[in-house]
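Two complexes follow with chain A in common, the first pairing it with chain B and the second with chain C.
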Partner chain A sequence: MERSNFTSEIPIFNIPGGIHPAEHKTESNSQPIRKLPLAKQLVINLKGQAGNRSVATVEVGDYVLKGQVIAENDGIFSSYQHAPSSGTVIAIEKRPIAHPSGLEDLCIIIETDGQDKWCDLSPVDYKNLQREQILARIFEAGIVGLGGASFPSHIKLKREQGIDTLIINAAECEPYITCDDRLLQENAKQVLAGAQIVAHLFHNLNIVIGIEDNKPAAIEALKKARQELQLDNLKIAVVPTKYPSGGEKQLIQLLTGKQVPHGKLPADLGIIMHNVGTCFAIYEAIIHGKPLVERIVTLTGDACSNKGNYRIPFGTPIEHLIKATESQLANKYIMGGPMMGYELQSLSIGIVKATNCIIMNNKQLPANQSVLPCIRCGECMNACPAELLPQQLYWHSKADEFDKAEDYNLFDCIECGACAYVCPSNIPLVQYYRYAKSTIRNNRVEKIKADKARQRHEARLERIERVKREKAEKHQKAAEARRKAAQATGQDDAKKAAVAAALARVQAKKAQQEKTADKADCVDNNKQESS
Partner chain B sequence: MDLITAVIILAALGLIFGAILGFAAVKFKVEGDPIVEQINDVLPQTQCGQCGYPGCKPYAEAIANGDEINKCPPGGEAGVKALADLLGREVIPLDEERGETKPPTVAFIREDECIGCTKCIQACPVDAILGAPKLMHTVIADECTGCDLCVEPCPVDCIDMIEIPQTISSWKWQQPELKIDFKEVS
Partner chain C sequence: MAKLSSILSSPFDKKPNSVSALMLWVVGATLPGLFALIHFFGFGVLINLCLAITTALVCEAVILKLRQKPLLPILLDGSALVTAWLLALALPPLLPWWMTVIGSAFAIIFAKHLYGGLGNNLFNPAMVGYVLLLISFPVHMTSWLPAQDLAANPISLGDTFSYIFTGTSTNGADISWARQGIDGFTLATPLDHVKTELSQGFRIAEIQSSPIIEGLSGIGWQWVNLAFLLGGLALLIRKVIGWQIVAGTLLGVCGMAFLLFAIDSDHYVSPLFHLFSGATMLTAFFIATDPVTASTTAKGRWLFGLGIGIICVVIRTFGGYPDAFAFAVLIMNMTVPMIDYYTKPKAYGHQKSSNGTGSSNG
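Up next, the complex of A and B:
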């Protein structure tokens, strides 16, 4: 592929490991971004972001306009969702969602009316707004990270203290995907304007845009846009093409030479990172008042007849994309890239905010070749960008020795798949790590549940014991009160006195008997002990 | 003379160290048997009594006193393995007489059939059933351990044990199947 000869404006550091897979980018990045005819039905997954499920605010039968809120934040950690087009809500039910499990989850299904009519939009001049007001706008526009993790952006932007660098991630290192490349070629100015809005939220922010050298056209567009916007504090950092240089931690290391420590966030190093798509979404939300209702998706793969990038409303089903691009049915549909994406198990699922690419493939991908035993060659270790020991992680994950896998920092693995790519034995290494990670997470949840059950059981035993004790005490007290009452009133009433006297006699007798019995017991015990 | 000095010094050292050890024994006294707590931590805390003891803790105490480690069906093979690792014992197959490992379940009361007898409430080891005499009862699903103990006492058989369906958050990746192609190997 063509390489840019633009020299980076800041020094570039190196990252360990990495691979150079076939790029497959030219298939889709030569065409301008297009639109497809609107799907009849949109399936909007309420769990379409990192965090919790959003809460639906519409009911079946409601008519909604494009951009109208249909689901809101759950109050803890979630995001808003908006109608991607105008139409009627025909169902809120469980449908297969974009998830490697292929399981169903709650979705809002909108039947579009074809008018694509926007609701009232309220653009603002952000320079007159308070920081909190801008953050609220970004929050209410449902903006999440569009690089793939779909982490709610307003949470990332909340921390102001100590942040001095904004890195715009335009590396797009995974093969096949070109949505960010195309977006920069066509809308670099808007992307940079979005970055300006983000920079406005902080004091004296350095803006660095990190981009791989295989996107010369995008770099040119960026240069031009920077000149037009007179953004002098923005630096363009061109990094050599290598997978996975677009990973958050990897790009930070490339541009600053610093490693994000285990268990820390980039913000702890004073850095926040946003994807170019997210910057564009922020621009649209603030300047035009448009919430996030669509994104650019790369449609590619050998079975796709019209490869390219498309602006697609969220919830558009995959089967509609196949029809609209006049593609044949393929063997395999992969959401995301070939390295980190996952195979879709249903064609009725709607695209979500994280969907950057759909690969329609007939050819077998390398992962499906037959697996051979590990020969301990160590290639995986050389390829790992996180400097882990993939082989050790593999042995321990395979043997269910999760604590040992954790000792080898399993959770620092970014699941980039570089190790599996170079493995001469075709071992699906990442699958083992995902298995180990998800099992450890599940075990943690179960441990919390078990601890709660134990506490409840112990509390119950204690309560039963306490109730028993209290009952006994109450009986004793009542008996005492009766005796006292009898003594107090006994002098007035001869009858009562007689009864009380009789009772006292009986009690005395009983006590006498018990005493003698006790004594006898004591004697017995003593005898036993002495013998 | 040397001999006496040596004896005196050694005796003095003995006394000093004895005093330190004695003090440490009082100051850092370990309450209870820590191994019982560790075993109890490994057990699944369903409190189902399938092991023959009235709860997980009594079974943990029994294991510490030498009972077999394979009597806990909810813990399954993984539980036996964890106990074997902890105690340095052999991994043995689960005792089949105690029942088999079932997928996680939760109790469900068919509420219109409930007569409000409170028998299930008394049976529940984790207080996960809510209700009052002659009033309908219901299960707090989040707190239910799926132990089955409420099913048997119910005089009208209105309690079902329902398998917990898999959700997106409880789903986990499976370990890849080993597909070694031996033709290719040889």
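Up next, the complex of A and C:
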């Protein structure tokens, strides 16, 4: 692929590991961004972002306009959702969602009316707004990280203290995907204007845009846009094409030479990072008042007849994309890139905010070859950008030795797949790590639950014991009092004494009965608790 | 363990490399060394190769059958081939056939499959087979032929067959006939020769006049080592083997030999002699680099190699055997789990240098 000969404006550091898979970018990045005919139905997944499921604010039968809020956030990591086109809400029900396991979750289904009519938009001059007001606008526009993580953008922007650098991630290191490349070629100015808005939220923010050298046209467009906007504090950092240079931690290392310390955030290094698509969305939200209702998606793969980038409303079903691009049915549909994406289990799912690419593939991928034992060749270690020992992680994960896997820093694995890509034994390494991670997480949750249950149980036993003790003491006192009373009235009357003795026996029997009843009660309660 | 379906898992792209390709590269890269061995020591090594490979593949097939494992994918992975190949290259050219068979079978059955097969063995199988033979049949295993240019009776192909399968030449002469030099004395290997002469009170300067150790390390052996070096470099360039192991081993040999040589050059041979004699290059590039039994971390590979080099020179110099690579490799194999544990690289975000806040695990 063509490489840019533009010299990076800041020094580029090296990152360990990394791989050079076939890029497959030229298939989709030569055509301008297009639009497809609107789908009849849009399936909007309420769990289409990081954090909690959004809460629907519309009901079945409601007519909605494009850009109208249809779901609110639930908790801080959740976000707003807007109608991607005008039409009627025909159902709010469980549908298959974009998830590797083909899970179902709550979706709002909108039948579009073809008008694509916007609701009232309220563009603002952000320079007159308070910081909080701008953040609120970004939040209410439903903007989440469009690079793949779908983390709400306003949260990343909240912290002001100590932030000195904004890195715009335009690396787009995964093969096949070209949506950011195309966006920059066509809308570099808007992207940089979005970055300007972000910069406005901070004092003296340095802006660095990190881009791989396989996007010469985008780099040219950026240079031009920078000149037009007179953005003097923006540096274009061209990094060598190597997967996974676009990973957040990796790009930070490439551009600053620093590593985000384990358990910390980029903000702790004074850095915030946003994807180019996110910057564009911020621009649209603030300058045009448009909430996030669509994104650019790369449609590609050997089974796609019209490869390229398309502006696609959220919720557009995959089957519609296949038809609209006049593609044949393929063997495999991958959402995201080939390195970190996942195979779709259903074609009726709607695209979500994180969907940057759909690969329609017929060709059998070499990943399906037979798996051989690990020979500890260390290829994976040389490819790992996190400087882990994938061969040891694999060994321990396979043996369910999770404490050892953690000891080898399992949780610093970013699941980039570089190890599995180079493995001569074709071992699906990442899957072992995901398995180990999820088992460890589940075990932790289970352990907390079990600890709580044990504490409750112990407290209960102690309470029962205490009550029993108190009762016994009471009975003893009562018996003593009676004996004293009997002594006081004198033992001369044998009859009286016999009566008193009988009474005492009854009393004792009663106490005994109470005791056993108490025990039975206790057993009963235990049963109830365990059931 | 949860069922792992390879269909669902990313990545969906794969570098076109395979275990068998790696193994074939190893075999291919030994060819210059093999030709040198044939040139200087006759065709015995080829017969050894055939015997060892056949035995290894048959043993592997039988064991796989017993373990109810699929035959073809594992037989074709090339690992048994490499084990047999390396063992055969290390064996004396006229070794009786049944010894080669025993060595090869022991390597595959005991050193490899009793530990769980490919990837699970602690010890280098070829070296386990070699050491078994060396301890059991020390006389045969140290009866190397002299380089044919120096031999009084260069042996023919027929003699080679005859020695291997009957123990005598076609004329009924025993092995010492084939080992005779022009002057009528039995010719030893350079390493053996130096050891014997030193023990008889000679000094290095006096020993060096012998044609056996002419040049770097004697006429045959220096070329054999150079040829293995050449093939090994190809593996390094192709990144088939861990360069740290090679560098460590060679540095270990040089360093230790230099230390001794610097102390007393009358009684210790030069580092160059150590580098180019015996199995130095074969081991450094082809045997120590067996990934399964070597250390797997970058630093660990250095230590592993250094250990092999140092131990080898120590045994060569002070021990009872003229060459000692097999022992050195096996000893270092034992240390691998510990080396691996203590040479874990610092993962991303755990470096102290990064903002001084590198934290502990968890």
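Descriptive notes on the structure:
Going forward, the second predicted complex is superposed on the first by the 452 of 531 C-alpha atoms of A that agree within 3 Å, B and C clash if a C-alpha of one lies under 4 Å from a C-alpha of the other, contacts with A are read in each partner's own complex, and residues count from 1 in each chain.
Quick note on the criterion: a contact is a pair of C-beta atoms (placed from the backbone, for glycine too) under 8 Å apart; a residue touches a chain by one contact, two chains touch by 3 or more.
Source: prediction; values computed, not measured.
In the superposition on chain A, A:334 makes contact with chain C only, while chain B stays out of contact range.
In the superposed model, A:513 lies in contact with neither chain B nor chain C. Judged by the touch definition given at the top, the superposed model places A:476 against neither chain B nor chain C. Applying the stated contact rule after C-alpha superposition, one finds that A:227 touches neither chain B nor chain C.
Shared-chain residue A:428: touches chain B and chain C both.
Of the two partner chains, both chain B and chain C are touched by A:373. A count of residues in chain A touched by chain B and by chain C gives the higher number to C.
In the superposition on chain A, A:100 makes contact with both chain B and chain C. By the document's definition of touching, neither partner reaches A:115: not chain B, not chain C. By the document's definition of touching, of the two partners only chain B reaches A:47; chain C does not.
Common to the chain B and chain C contact sets on chain A are residues 100-101, 370-373, 398, 400, 428, 431-432, 435.
Those residues of chain B lying in contact with chain A across their complex are 40, 43-47, 55-57, 78, 125-128, 143, 145, 166-168, 170-176, 178-181, 184-185. Across the complex, chain A meets chain C through its residues 19, 21-22, 100-101, 175, 249, 253, 258-264, 268-269, 332, 334, 336, 338-343, 359, 361, 365-379, 381, 385-389, 391-392, 398, 400, 406-409, 412, 417, 420-422, 424-426, 428, 430-432, 435. Residue ranges of chain A in contact with chain B, taken from their complex: 47, 97, 99-101, 103, 105, 370-373, 397-398, 400, 428, 431-432, 434-435, 437-439, 441-442, 445-446, 450-454, 456-460. Across the interface of their complex, chain A is touched by residues 1-2, 4, 6-19, 21-22, 73-74, 77, 79, 117-120, 242, 291-292, 294, 296-298, 340, 344-351, 354-355, 357-359, 361-362 of chain C.
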